[in-house]
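Once you've had a glance at the structure underneath, I'll fire off some questions.
Labels run A, B, C and D following the written order; every chain starts at residue 1.
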Amino acid sequence: MKSLSWMAISLFIVCLIAAGLLSRVYTVTKIQIEKQKQDGIQKQLSQVLPEAVSFRETIDDTLWLGFDKDNQQIGIVFRTAWQGYAGPIPILVGLGNDTVIRKIYIASAAEGLKETPGLGFKIRETSFLEQFYNKMYKEIQLVKDGGTIHAITASTISSNAVINGIRAGIERFQSNLDGDTNSVQDLQIDTTTGATESDYEK
Amino acid sequence: MTTNPLLIFIAAFIVNNIILIRYLGLCPFFGVSTTLTTAFGMSTACLFVMLIATWVTWTIYHFLLLPLDLIFLRTAVFILIIATLVQFVEIFLKKNFKALYSAMGIYLPLITTNCAILAVTFLAIDYRFSLILATIFALGNALGFGLVIVLFSAIRERLEFAPLSRSFKGYPIAFIAASLVALAFLGFIGLFGLPL
Amino acid sequence: MSVFFKSIITLGGLGLCLGVALAFIFKKLAVAGSELEKQIKAALPGSNCGACGFPGCAVYAEKIVKENLPINKCLPGGKEVLEKLGKIMGKDLDALEHKIAALICRGGKDECRERFIYDGGTDCRQAYLMHGGNKSCVFGCVGLGHCASVCPFGAIKMNKNRQPVINDKKCTACGICVKQCPKDVLVLIPRTKLVYLACVSQDKGKAVKDVCTVGCFTCNICIRACPYNALTMKGNLPVMDFNKCTDCGICVHRCPTDSYLDRAKARPYAFISSACTGCGECVKVCQFKAIEGSPEQRHKGIIAKCIGCGECFNACPVRAITMAGALGHQTRTA
Amino acid sequence: MRNKKSKRLQYLFNGIILENPILILMIGLCPALATSTTAKDAFGMSVATSFVLICSNIVVSLIRKFVPESVRIPIFIIIISTFVTIVDYTMQAYVPTLYRVLGVFVPLIVVNCMILGRAEAFAYQHNIFDSFLDGLGKAVGFTLVLVIMSIIREYFSTGEIFGFVIGPRFIISQPMLFMIFPPGAFLLIGLLKAFINKFIIKPEPTD
């Protein structure tokens, strides 16, 4: 009988020690993880909307409002995603009040980007991303559709996904821009082809 | 992940097959799949344990760990449950179902170190499945595991007679054959729009 | 601190109740003598070769405990395992005759020509599917080395003549090669048996002579030559009665086609001491004319001719003959 | 004393080639194939696994006298999972990018057959120093194979090694995606095993 009770007790003791040790480790690392997560986001937001000094999160993990020194809202940052070849491509877009895209940031493989490795990752190269900088909504189109974006050879699906993602994001979040949003209202968005006859040229 | 049960089943069963695409459960895969009967015995044992493990771990996670905010204990608790579960099942089978035990009993200790079982329990939690969906997910994975192991053991039995140089006999040729089977399974990506 | 206590209670609690459950299960379902079974399992070699007829050492251990089976069924274990089991089970050691695998066919590539060129899978079982192999002797060893590949102890190697060579030290008589050989040309013979017939051809004499240079074509010389009449002809092959045979080796040398094999490493030769009275009994008995000498004179053994069969040793009334110069033979007096 | 010392060194060195966990003992395959897509992740994974392996070997041999034989597997598993959780959370805190790439494979170290295998087969019977040496040897062997595999796979798929572009032009423009996907991993480890069989002929184990 002794050996049997010793069996249960030994398991119990080992579990106790393990539980104690783990809880100590958890409490120590928890703070660090939180800090890590926070400044990770801050870094990305400021990267995408450089002029903004501080951000306020309005929709959990999808929309932030950017403010400059004297707390004027100068733009928004939003996260959009579109179905790529092997999975959704998360994109972070910084949009100034004048609906001009400042910068965009695509999550790297580390952040769970599931694109076909090698080819799919080309969308993260600055040469492709630069095409989107300082562009208006209308210009975010493939060259053949009247826009200014050149797709990457051999990974059209991913390039299209990025373009559609950004367009969908702008359409959805432009109402949050506080500047002269009326000029944006009369955009007639033809959702089928995504092409728009905006009266921006005037 | 999709919430349509059929899609989850197919994703777990073929598209994201647990052995060939997710690289899990390779140790038993190469160890046990030498003959058809052992492969079949192992897959039934795995199915049996995977289902029970998913139910038990899912309930423990959602009714014990989550409310108490002890998620960090997840690894320890899950693997402890699986290890003792395997011993329970082994003794239970030895006692009541002698025939079943003699057919599949020797594989049960192997299952404790089978990465596939623990991985399925973790994925079921990470994908935030409800209990029913988690069961379907586990079922899909177990059948996927069984399918690949049985299919592969037939290949390996045939490989016994293949005229090979001495250094390729045994594991090397098994790996290369597995590579071809994995290549075939890669073809399933995008079936019903399911991502890799 | 609350996380600390919460985790202690949960994991600790879980560990405790699982431990108690396990203890309870072990107690209720503890198999009688599981301790004994574990000891036996530790004593067995653990190679799960199946020689004891069970799918593994664990199962054999269980059977010993449960159904009180004899403890000498583990052939590869040999003496040491037998002693260990004897000690554990406290039983007497009725040692089973220790066996070794032997090839009873001498028709290799050179001796027995091929009927057709076979270019198929390199496994005897595959070749066997093609009309029983490409050897012109249908009964003979195909020589593609399946026994070598299947032997768990690596005791069998294929020689250049495409015949399996069995290494005495490594062979544990587990019998797997005997079971696996499609042509049944491997048998288990007692380890102490030195001489055996190495031919399985049931063909008539003439047919055997056509196909194989070392096949037994039933000339009956060995049957007549054997002083212990341990050989009787059955069908087209002499059958050796292992109890009568004393491994003297006469049949090996008298057989015109060397169908018999002698496993002895070396054989002695007869040495006639000065006590010889020249009675000539040994000359009558010696079938190889290896003793010469005039009557009433001390006889002399011709080492070259003497095969060390020991007949003269037995026949000598004055014990003047001793068998000299070889390992085990002296112990095998008649 | 001399053969005692050489026996100890033997524990250390045969872990690297003669009894290399992945290529000879064929245990610990799951993480090896899964995380060897890039050299950086492979190295991260093998460091984590080595830490867990060495610590669990030490602790198991430390308490081997008090562990009752029938319940030893759950106890070993708790010890290993404690170390794995420690690695899991420290990685999440200090190396988040690597953690996100390795994903589900970090907690899966606990069922890495190599660790439980070594704990039960070796650490349970040997003293602390030998277990540490054996753990170290196996860890170095594991890391060696993992890094070699990841260098080959990364080189062919992206023309880089550890992130530095080395590949000639044609690799970068037409990368061999085959190497990133599972078939490439299986093929590569098959070829490595054949290579080992050819040059380090290890007689087939008897059982």
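Heads up, the rule we're going with is that a contact is a pair of C-beta atoms (placed from the backbone, for glycine too) under 8 Å apart; a residue touches a chain by one contact, two chains touch by 3 or more.
The structure presented is a predicted model; accordingly, all values stated were derived computationally and were not measured.
Colleague: Looking only at C-beta pairs that count as contacts, which pair of chains has more of them, A-C or A-D?
Modeller: A-D
Colleague: Distance between chain A and chain C based on Cα centroids, please, to the nearest Å.
Modeller: Taking the average C-alpha coordinate of chain A and of chain C, the gap between them is 76 Å.
Colleague: Between chain A and chain D, what's the gap in Å when you average each chain's C-alpha atoms?
Modeller: The mean C-alpha positions of chain A and chain D differ by 35 Å.
Colleague: Distance between chain B and chain C based on Cα centroids, please, to the nearest Å.
Modeller: 45
Colleague: Of all residues in chain D, which are in touch with two or more distinct other chains?
Modeller: In chain D, residues 70-71, 74, 78, 81-82, 85, 89, 204 touch at least two other chains, as defined above.
Colleague: At which residue positions does chain A touch at least two other chains?
Modeller: In chain A, 7, 10-11, 14-15, 18-19, 22-23, 25-26 touch at least two other chains.
Colleague: Could you list the positions in chain C whose residues touch two or more of the other chains?
Modeller: Expected reply: 3, 6-7, 10-11, 14-15, 18-19, 22-23, 26.
Colleague: How would one label the connectivity among the chains shown: line, ring, star, complete, or other?
Modeller: Here the contact pattern is complete, since every chain touches every other one.
Colleague: Taking the touch rule as given, give the residues of chain A at its contact with chain C in the complex, in rising order.
Modeller: Touch residues, chain A against chain C: 4-5, 7-12, 14-16, 18-20, 22-24, 26-27.
Colleague: What residues on chain C touch chain A, complex-wise?
Modeller: 3-4, 6-8, 10-12, 14-16, 18-20, 22-23, 26-27
Colleague: Inside the complex, what are the residues of chain C that reach chain D?
Modeller: 15, 18-19, 22-23, 26, 46-48, 152-154
Colleague: For chain B, which residues are in contact with chain C within the complex?
Modeller: 64-65, 68-70, 72-73, 76-77, 80-81, 84, 87-88, 91, 94-95, 106, 160-163
Colleague: Given the complex with chain D, which residues does chain A contribute to the contact?
Modeller: 3, 6-7, 10-11, 14-15, 18, 21-22, 25-26, 29, 32-33, 36-37, 40, 108-112, 116-119
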